[in-house]
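Handing you a structure now.
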C-alpha cells in the first residue's frame, strides 16, 4: 500500500502531509496523539480521499483531537456526549462518505451512555472510537465511568464504583463490530482501524489511551506501562485491501478470514486459544477470563457483516441526499392537487 | 405471614386496603395493573409500614401506576427517563426507608438508558422495576428500544432494530441483583419482589408486562399468551422472611440458599440445569440459550450481596439526614474562625 | 314522554335555532368515540355549515371521561364557547357534571343505560336505549362496545337533521373506503335514526340546515397540514421522539412522505424519518443532517424542547439550519400534557445559554401550518439558523376548516450553500464565517464537496471567520455582532402579520396562533358593544416594522395570548419600549382554548376604566 | 546593558511608580506557572497592598500560552486594566505579542532562552538566563521545568522589591507547610533574586512598597468562598458534574465538608457529594434530595445549565427547594469555556418550558459567594423553589480580596416543613399545595414522616391543593396564580441591592456581580470628568422596591453588564416599563472582565450626546 505515487504519494497522488491537521495542543505523550497519528497513516495508506471522510466528536481532549488530523475532511466537533446523534443525522447527508467518530470515555460512558447504546442499536455506519483513559482529561482528571474500582488518584481519592466496560456494553448492545486496542500498540491498532473502516455498520473500537497528565500510574489499567506489560492479543489481525490477494501462506488451520462488504478481508491468525468472532457469548467469556487473569485483552471480539445498516434500513437513494436538486425533493403541483383532493 | 392481626390485618395491624392507592386509570387487563396488585400484596405481607417506603417513577403508563398503590407512601413521579437520578438523591434523605422505582421500557431503555446504567454502577439501594411491554403505551404504541427485531404492529409497521435486553444490560453494568419476571406469573413475581425488597443495593427486575392496547399479539414476546406458553423459570424461588426458619425439607442437593443483609433468605430450587447465580457469565450463557430456544426465561439471574451500597460508600450518619437538627448541620462559630484563619 | 314539559312550556314560543349552537359529547376515552365525533363534525362540514371540533381529553389511554365539543356557526365563529347548548352524555363518570352544564332550554341526549331519567326539568332531554339498539344490530360481539358510540350519531341524524348521506361520506373517508367497517357503522346509525324518528318527539329548537359556506374548503388538523407542508418543503431528515401533542406530525410524515417523496426513477426514498431514543438525540440528528446540507427537522412539545436546549444553542452558534416544531401543551413541567397553551414563546426565543435570539414562526391556521411547513426550511437555510415553528395542541390536533393548500409560490431557497465550482470563484479566500454580503449571512459548504478547500471544522467553541478555533476577544465580538446583524436581516424574511381594520377603531388587538377565531369573534362582539378594534395577527418573531406601526397607530393595544405571563407582551415591550404604556397583556392559560366571551370581558372592562 | 538606553533617557525624570501598576505574565499552561503567579499575588497581598489577579487561560491542559495579569493599586482599584505596565514574557509562542503590549516606558522581564534580545527601545527590559539559573539550582531533574517558573518570582523580588519573607509565607501556604517543595522553590527564588541584584541595574520606575491596606482581609476565590458558605449553610447533598469553571466549587466542597461536617459523635458524614454522570443526573439527584428534605445543591456552567432545563421546570412546578450555582462562562454553546461572562441571566430566570419565573442571586464578591452560599438554602427552603446563584468565571476562579467571613447572623430557616406533631395541628385538613398563610407558600412534609396522612404524591403534572392529579382548569389557574403570588412574596426575602451615592449625581449606574470593581473605578473617573454617578449593585431577581426607587430617582440609568444582549437591562425594562426611556444598556462580552476605561468611555460618550 501507499508510496505508490512516488515522493511519498499514495495512489491518489496525495502525500501524508495532506492528511494532517492543525498543530496538536494535546499534552506531550498523550495516548490520543498516537491514535491521531495512526488515523492519518491508515487513511493515507488506504488511499481514501480526505474529502470522502466526515469526522465527528463530542467534548474532551479526545474529542478535540480531530482538529489535529485530516483537516481536509468535514468535521463536526459537537456537544459533550452527543456525537452519536450528530453523526446519525449527518450520515444521511452523503452516505457515500466514510464517517468516523472520536469520543472519550467520559464522553461515551458517562454523559454519552444513552446515545452510545442507541447508535449501536441502529447500526449506523460509523467508525466509533472511544479514546479511553479512565478520566476526564480536559476537566483535569476526575474519574470517568470506565475508571477501575479501587483506582486511587492523588487529587481524586479512591474510585468506589464498578467500571463500565466499553466492549461489554458494545456486545450487550449488539454492535456489529467490536474491538479493543491499545494506543501503545500501533501496529495492531492500525490493522483494526483499517478493518473497522471497511465495516458497513457501527464499528466500536475501545482504545486504551493513557492520559499522561492525570492517569498514568504504572500499576493501573489505563497507563502505558500497565498496557505494555499486560496486553494480550486474542489473535494476530491483518487487513487485506479489496484488490490485494491474500498472501500465499494462508493456512486455514490457524487462520480465519472475514470478507467485508467492500471486498477487503480481515485475516485472523490464532495466537492462543481459538476465538469465534461470530459469537457474542464467547467474547463475554473471554472478557471474564481476562478480568480474572488481570490482562488487557485486545483484538477483534465480534463481527457481524449481515445486519443492515441504518442507511440500508431507510432505503434512501443511491445519490447523496444533499446533492438532490430542488425538483427531486419538492413534489409537483399535481401531487399537491392530489393531496388536496384526498383531504376531506 | 400476614393475617396475624385478624380481620385481615398484618402484624402492624394494617389491612390490605391501607396499602392501596387511587383508583387505577390503566386499561383493563394491562400487565402493569397486575404488578401493582402484587406490590400491594407483598408489602402488606412483609409487614412493612407504608410510611417506610418511598416510590419513584418516570413518565409512561407504568410510571403513572405508583398512584394506584401505597398511597400512604411518599412518591415522586418525575420526568421521563430520569427516575434513577431522582431516587439517587432522595435515598440520602432517609436511608432507613425502602426505595422502589417504577419505570417502563421506554422510560428505562430509550430515553433513560444513561441514568439506568449509572444507577446500577453506583449500587443505589433501590428496587428498580422495569414494566416492559416493548412499546410506549402512554403515547399510543410506538416501538420502544426493547421491541423485538421484526415485530410488526398495525400502526407502526416493522421494527428493524435489535432489542435492548434489560437483563443483559443489568449484567453488563454489574447490577447486584438481576431478575426477570412475567406479570402473568404472579406467584413467582411475588417471591422475586420480596427478595428484591430485602436486597441492600440496586435490584433490577425486568417484568414482561403486556400492553393490551398496543402490543399483545399472540406470537410476539410481550404478549400474555406468548409469555404463558413460553415462560421457563430458571429455578423455583422462595423468599423466607428474617424471623422464619427454612422449612425442614430443605435439600442441599437441589436447593441453594442466599442470606440477605436483613437476615431473610432466598431459597432456590433447581428446576432444569443448575445455575450459579453468583456468576455473571453463566447468566449471559443462559440468556443466549434462551434466545436460541425462543423461551422467556425468568427468575433470579444474578446476585451479589457483598458490594457496598451508595449509602455505605458515602458513610453518612445512622440517623436520617433529613432529621438532623440545625445545630448538627451548621458548623460552629469557632469552626468559621478556624476557616478564616486557614485562608490566606 | 321525551322532553321535559316545563322546559317545553317555557320554550314553546322560542324561535328555532338553526346552525348556531354548540354540542358537547361526553364519552369514555379509548372507547372509539373519536370515530363518531369525527363523523359528526365531518358530516356537518359537508352540509356546508361552518363547524369546529375540540377534543378535551385526559392524559390516559382508556377508561376516563373525555369530551368533544362541536361548534356549529352559520356566521363562521369557530372558537370554543364556554358552555354547550346540547349535551350528549355517554360517560357514566361525568354524566351529572355534563348534564349540569346545560343552560335552561338546552338539549340533552343521553344513554339511558347510565341513568334512566334525569332530574332537570328546564331542559329538553331524549334518552337513548343504547344497549338495546346495539344488541339489535348485527354488529359482531367484539365490536359492540365500539359501535355503541354510533348510536349518538344516529340520534343526531334524527334529532338535528344531520344528513345521512353526508354521514356515509364521512364514514367512507374515515375508513378509507373499506366497506365492512363503513357498513357496520352506517347500519347502526341508520337503525338508531329510525328508532328515534319512531320513538322520540322532536320538541327542542335545534336544527342543522344545509349551507354553502364550506365549498372548496377542507377539514384538517394542523399537524397533518404541517406534515404536508414539510413534504412539499423537501424535508429530507426528520428526527423525532413521541410526545403529545406533537406525535401526530411525525405520524403524518410517515403517511405522506412515502407517497410523495420516493424518487420516481429508483423508487428509493429522498427522505429519512428516524424515531430517536429521546429529544436530545432527535435534535442532535437533525442538527447533524442540517449541517450535512439536508432539510432537517424535528418536532416536539414543551418537555422535549427543554431537553433540546443545549443543541439549540449549538445550532444557533454553529449556524446550522434546521426546523423545530413545538406543538405547545400546558407547562410548566409535565403540566397538562393533553391541553393547549402558548407558553413556550419566551423559552423558544431565547433557547440556549449565553446570548441567543431565535427565529419563531407562529402559524394561526392549518393553512399556515402547511405554508410554514415548507417556508420554514427556506428561512432556516437562508439564515443558517434553527427556526422554531410554534403551533399548539388545539391547532395541531383538532380539525380546522382550511382553504385548499396552494403550491409554494416561490422556488425553494437553499440559501448560501456553495459547491465545488462556486468555491473556485472565491479564489482561495472563502471563509465559513466571512460576512461577504454584509447581511451577516456567510457562505457554507457541506460534506461531499470535493474541493480540497471546502472542508471546515464545525464547533460550538469560539472561532474566527475561517472557522478556526479562536479565543481572541476581537474574533468573538465580531462573530457575535455578525450574528446580531443576521438577526436584523431575518426581519426582512419573516411572514408579515395579518391585519384587519374596523372603522374608527382606536384600539388594536395583537394576537397570534390558534387564538385567532376567538379574537375575531370577540372583535365583532366588541364592535357591537361600541368598541371597534383593529387586529394584528403576528406570524413571526423578530417583529417587522408593520408591528411597530400598528402599535404606534393605536391608543391602546391588547396583547391576547394563552399563557400566564403574557410572553409576547413581554417581547413586544422589549421591542417597542417607548410604547409599553399602551400595551396591555390579556393572557390566560387553563388548558382550554380561549373563548371570545373571555376576551370581550377582559377588554371591555379595561376600556371602561 | 540592561534597560534600553532610549527608554531610559526618555523616562529619566519620570517619577517613581509605587504600588500602582499592572503586570502581565505570559507562560505556557500546564507548566506549573500557576504556582508562581499565586505566590506573587499572595506576597503582594501580604505586603498590605491591594492586589488582584486574573488568569486568562486557554481551554487546554498543557502547552498553550496563558496569561496572568496582576493589578497592584494603592487606591484599591482592582478591576482588569486593558494593557499592562509590566510584562513577564516566559512563553515562546506569545512572546512577541506580549512584548508588543507594553506601552512606551513599560517594563519587560523575559527569558533570554526564548529571545536573546528584544528590539523595542522604548521600554525597560531585563533578560533572565532562566535555564542557567535553574541548572545552577539543586532542583532535581524531573522538577526543573516546573521550578523554572520560580525564576521570574525571584526577578520580581529583586526588581520590584517584592518582600522575600512574604514570598516564603506564600509558598508555605501553597504547599500547606510541606518543607520540601517550599524549600526547593524558595531557594531558586532566592538565588534568582541574588543573581538579579548582582547582574541587573534597576533603571525602571516601578516599585512595591509595604502598606496597611489588607489587614484582616483574605485572598480567596469565589468558588472556595461558595463552598465554605454552603458548608455553613448546612448543605447535605451535592450532585455535580465536572465543568469549567464550576468544578472548583465541588472540589472545595470535597475539601471543606469532611473537615467541617462530620458528626462529632459518630464521625459519620452529615452530607454526601456525588459526581453524577452528567448534568441531567446532577440536578435530578439534587431535586430528589431537596424533595426529601435535604439542603441540596448542584453547580454547573452554561452547557450544564442548558441540560438542566427540564428538571428546572419540574423543581419550579413541584415546588422543590434546591440551590443551583451557575458559574458563568462565555456562551452561546461551548463558546469560550475558560472565559468569563454574565450571559445566562435571562435563561436562568425563565429556565423551563411554560410560564416559569426563577429566583436569582447575584453575588459580587467572594464575601457574597460565602454569604449566598448559606443564605440561598434559607431562601430556597422558605420559598420551596430552586434558587439560582449566578457567579462567573472571574469571580469563581480568580483570587479576590475579601473581608473575613462572618457567621450567619440568623438561625437557619428550614421553611414550612412539618413533621408528625405539626400535622396533628392541621386536624386532617393539610394539603400540600394549600395556601394557608396567603403568601403563596404551602406547607410540606418530607419522607420519613410517619404520620399516616403525611404522604403526598409529587409530580410535574397538574394537581389540586391536595396534590391530587387534576386537569381541572380552575385548579390549574389557581395553582399558577399561587405560584405567581409566591414570586411576589420572594421579593421580601431577597438581599437588597448595594447603593452608593455621589454628590449631585443625576445618573445612576446599575450593575451586578463581578463587574463591581470596574464599575466603582469607572465612577471615580467619571466624577473626575464631571459626571458624578450613584450606583446600585443588584444582588437578586426579583427586584425589590429599592431598584424601582433608584431608577425613578435618576435622570439616566446605565445598566452595565457582561453580555451581548443587555440581559438585565431587558428584565428591568419589563419590570419598570414606564422608565425604559431612561435606561441605557452598556453591555459587552468578549471573554475578558470589563475594564473601568471601557465603562467610562461608554457612559461619557452617551452623556455627551
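To keep things simple, chains are lettered A, B, C and D as they appear, and every chain counts its residues starting from 1.
Going forward, contacts are C-beta pairs under 8 Å (C-beta built on N, C-alpha and C of every residue); 3 or more make two chains touch, one makes a residue touch a chain.
The structure presented is a predicted model; accordingly, all values stated were derived computationally and were not measured.
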Taking each chain's centre as the mean of its CA atoms, which one is most distant from subunit A? C
Out of B-C and A-C, which chain pair has the most contact pairs? A-C
In whole angstrom, how far does the Cα centroid of subunit B sit from the Cα centroid of subunit C? 40
So, in whole Å, the Cα centroid of subunit A is separated from that of subunit B by 35
Intercentroid distance (Cα basis), subunit D paired with subunit C, Å: 45
Which residue numbers or ranges of subunit C touch two or more of the other chains? 58-59, 277-278, 303, 310, 314, 318, 333-334, 459-461
Note: subunit A residues in touch with at least two other chains are 79, 110-111, 113-114, 118, 122, 145
Hey, which residues of subunit C end up touching subunit D in the complex? 58-59, 302-303, 305-307, 309-310, 312-314, 316-318, 330-339, 341, 343-344, 346-347, 350, 352-357, 459-462, 471, 473-474, 476-477, 480, 484, 563-565, 567, 570, 573-574, 577-578, 580-581, 588-592
Contacting residues of subunit B [partner subunit C, same complex]: 25-28, 59, 61, 79-81, 110-111, 113, 136-140, 142-143, 145, 213
Please output the residues of subunit C touching subunit A within their complex, sorted ascending. 42, 45-46, 170, 173, 218-220, 228, 231-234, 236-237, 239, 256, 260-261, 263, 266, 268-272, 274, 276-278, 280-296, 310-311, 314, 318, 374, 404-408, 411-412, 414, 445-452, 454-461, 468-469
Under the definition above, what is the set of subunit A residues touching subunit B in their complex? 110-114, 117-118, 121-123, 145, 160-162, 164-165, 168-169, 171-174, 280-281, 284-285, 288, 307-308, 313
Contact set on subunit D toward subunit A in their complex: 30, 58-64, 241-244, 247, 275, 277-279, 303, 333-334
